[in-house]
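Before anything else, here is the set of structures, which you'll find just below.
Each of the next two complexes has chain A plus one more chain, namely chain B in the first and chain C in the second.
Then we have the complex of A and B:
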């Protein structure tokens, strides 16, 4: 791990851990959900940004995780921790299966097929109401037995930190290089001896595991889950978050998720117009500045450095 | 369970499935056609279906009345055609002239944002209400079967529109240019075709096919802000079944999907109607990952 990254991570974590003292319960809830989306965005980024597998099924895995824990607790009577583990296992298994199914598919076919998978999850959750209670929603016991926003804030912060640590280790190891090689040129990667099948499946399994885990925790936080969790608009949100933050960058999805979450909660005051305004913001951003927050940050940082050390800049140019 | 369905009922379901298939094919054709020319997937296709159904509803219920629905349809198609050209000019053209580096990513995000924009705008303007333009067409009896007139009319007009589309593509100069652009975007430019304008036309035609499907199905299904979601699902399923960029694939895929859904509903359970297409799709992918009529991309 590079020292700057470690320092940055410690500062970010300490900052996030300290922030709640200045916030009311509503704001805490907003950021907690932001952490949930950050896990989803980061794990989608592993698939789409790092490996180039433009899958559109992330929201389906979140819903699978949520319903896996909810149903196993209700019908099998397992304890909550086991329910969450089961959820992670189910999502991971389904991710692996979807990965296997779509192994031979490229680009747009992959996108459409994975999207069809997620839609089918959505439809099945809605139509199988005898089991899932459909649109009525499934009640799930809360994780801590209480509704104290502060404790859930730390639970989700911990979840995000663990997920990011795992993703960091993967992305900054040899595996990460394999993944980028697959993204840039799969055929060439294979010809260099990278087992592309294995690593693509690995990425599908890992990203759906993290997403399922997050979905399960989310279910135990909001206490009532519905099929909307697998709705396409959820995925639209995730994609927008990743792209605004910077696709294929490590910090981008997290920044994007938090920013979008804050933006949507701010737009919430406009009532029914919030989605309209949100879509307009995204369209304007895409038309004017589409490289993402991380690229913007880097550029500002370089500008700042050049301003502070003018001579270094000159030397670098020479 | 298999024997619980009488042959007569089965025939009715098959017929209903094929008729629905024609309209699904319209959706899929729009997607595949836009992809063929612009190499872009328009994720907001269902929203143009939705707009089509709303425009048809507004014209029929406020202007012409249900008897003149066939007169409203060209107006619906034309207005959505213009809207589509406008959208393409404002949002998608920068892909080709604005120095966008990752085109697929840009197109995906911008059309997903467009989907969200149009759908939520419709929800704000329309509220939670559902409408129907109504239909005075009498039921049609085919042998022992009786089918709602609006459905038959939709299927028949759907076939006519498909025929018109083929004539346009194969008997006119713009059609020739469009087919050429689908084969080779650079080649068509060297032949002196204004590709940027052609893209606008292609996008307009593609989305107006969706609008025609929306307008035709307005009296069959209800008109409401999210009615495009299911239509998009069908369209994309057909694309994967039939093969992206293939017009025959869209037609055959559409009919197959309609059939699979109708028979699945008849023989298994109607609540999962929208999931049968996906099962068909998975089966097909296991056998042929590029779809029925898709062309294997050459890897260099």
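Then we have the complex of A and C:
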């Protein structure tokens, strides 16, 4: 099983590394942003999909990361790499704090509280314009000192690969089993010796850390950031990506993020209507096929294999 | 008392606002004992289980395991000390397979050797008759099978000292009930594990338990063997009904 996963990861990484040949700058930019959203979607999936903590604050942590590096570079004069590290630390710390604050909250109460947190970040960034420059936007130096799309493509591919490797190790270890147990039945998990408090905090911290890191890299890519990074529509996008790809599956959020990002970029002419379109897709998926594209793909694959090797199927049943 | 009981409940009371669920309950279970806990609905049996397992904390009194107080110890740490429980309505990890439901407590309680865990789960799957369902998600099981799996999961724990079972046989068919009784008895014999079993099923309690405690209106009404219980006027009046015979 693990060897298969490793092989799949190598093929995917090699494919992604080779793809830029023959892509124009616009397409490179689209996929690069797709990688950014994939990190956000995958880390939200760790919280909501694997652990059942339906937090609505992910966009807040991306913005915190972006502003942490931007402000520390402008006001403290730290180098970019240190700004990014600070961003990861700030988001991780805030994630831990939010986790502590919401420890005893379930379901809708957790959702409302975390949403409140993200809105607070949004409003603070807007209203604190003396510091953040508000809607005018904060200028941030670019990571590589240039705007070469190909370089940033590889930076974000690397970021995604590292994030996924960390998430994979967590989800496929003992810890991953504990997280699923907490999602399925927290009371039962505790009664069998799982320190539910500790693992929930761990998940909040890790998911915020990765998101803050991605937000910081994003800031150094787009060079001007605004409070709209913490807008609720950003979270909606992340949720749509995860749901379409397959919540609680490992590959789902990545596939969903890339697919949605490609579609929104190339369906751009519909303007705000693409949001309506995605909302409809989500409603239909939740009603009919809650496991998303990954599960659908798995089922089709099994059908295909059964059709190609009818005997194997019979043998497996017997 | 010459030696400390394995599980000691000392003068425990629990009030929910004006409602008194448990009043000055004292219980002492010796190593290797299987104790029945019976009483009418609303007698405070489940509350007592919750107080022992740590889901609720007592308004007064204390619970001790092997002489150590459990005051302020959260449920997950009680589990690590070998105190496990089941729930009246079976609680399982629904999206996990039957086997994963067994491996989880093994991992959670410090089991490191995956191969040993797998061997243990194989053995328990075989003995509980759940082997052919090993790769099914637990939510697909019937009610009786879920109750069985919930019970068996506790046996994955190496250091199980005391197992609290809240209505383990409710709605379970006779065949599975037999399996459960065998497993409980076997584990008790092999490891001297203490069991505290809440049940309304008198024949099963009779078969399994050397002593029973009768709870009524939150208090201990009686404690003794099943025969003594049946002879006690008080208990028969309060709970068993006049026409009941042992």
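Assorted remarks:
Everything below uses one rule, namely that the second predicted complex is superposed on the first by the 297 of 318 C-alpha atoms of A that agree within 3 Å, B and C clash if a C-alpha of one lies under 4 Å from a C-alpha of the other, contacts with A are read in each partner's own complex, and residues count from 1 in each chain.
By our rule, a residue touches a chain if its C-beta (ideal position, glycine included) is under 8 Å from a C-beta of that chain, and two chains touch if they have at least 3 such contacts.
Nothing here was measured: the structure is a model prediction, and the numbers come from that model.
By the document's definition of touching, of the two partners only chain B reaches A:119; chain C does not. Of the two partner chains placed around the shared chain by superposition, neither chain B nor chain C is touched by A:79. Looking at the shared chain after the overlay, A:180 reaches chain C, while chain B stays out of its contact range.
In the superposition on chain A, A:194 makes contact with chain C only, not with chain B. Counting the residues of chain A touched by each of chain B and chain C gives the higher count for B.
Comparing the two complexes, residues 187 of chain A contact chain B in one case and chain C in the other.
Put simply, chain B touches chain A in their complex at residues 35, 41, 91, 94, 100, 102, 104-106, 108-110, 112-117, 119-121, 123-124, 229, 233, 236-237, 239-240, 244, 271-272, 274-275, 277-278, 281-282, 285-286, 289-291, 297, 299. Chain contact summary for the complex, chain A toward chain C: residues 174, 177-178, 180-181, 183-185, 187-196.
Contact residues on chain C toward chain A in their complex (touch as defined above): 53, 55, 74-76, 79-80, 84-85, 87, 91-96, 100, 103-105, 107-110, 153, 157. Every residue of chain A that touches chain B in the complex is listed here, in rising order: 54, 101-102, 104-109, 111-113, 115-117, 119-120, 123-124, 127-128, 187, 232-233, 236, 239-240, 243, 247, 272-273, 275-276, 278-280, 282-283, 286-287, 290.
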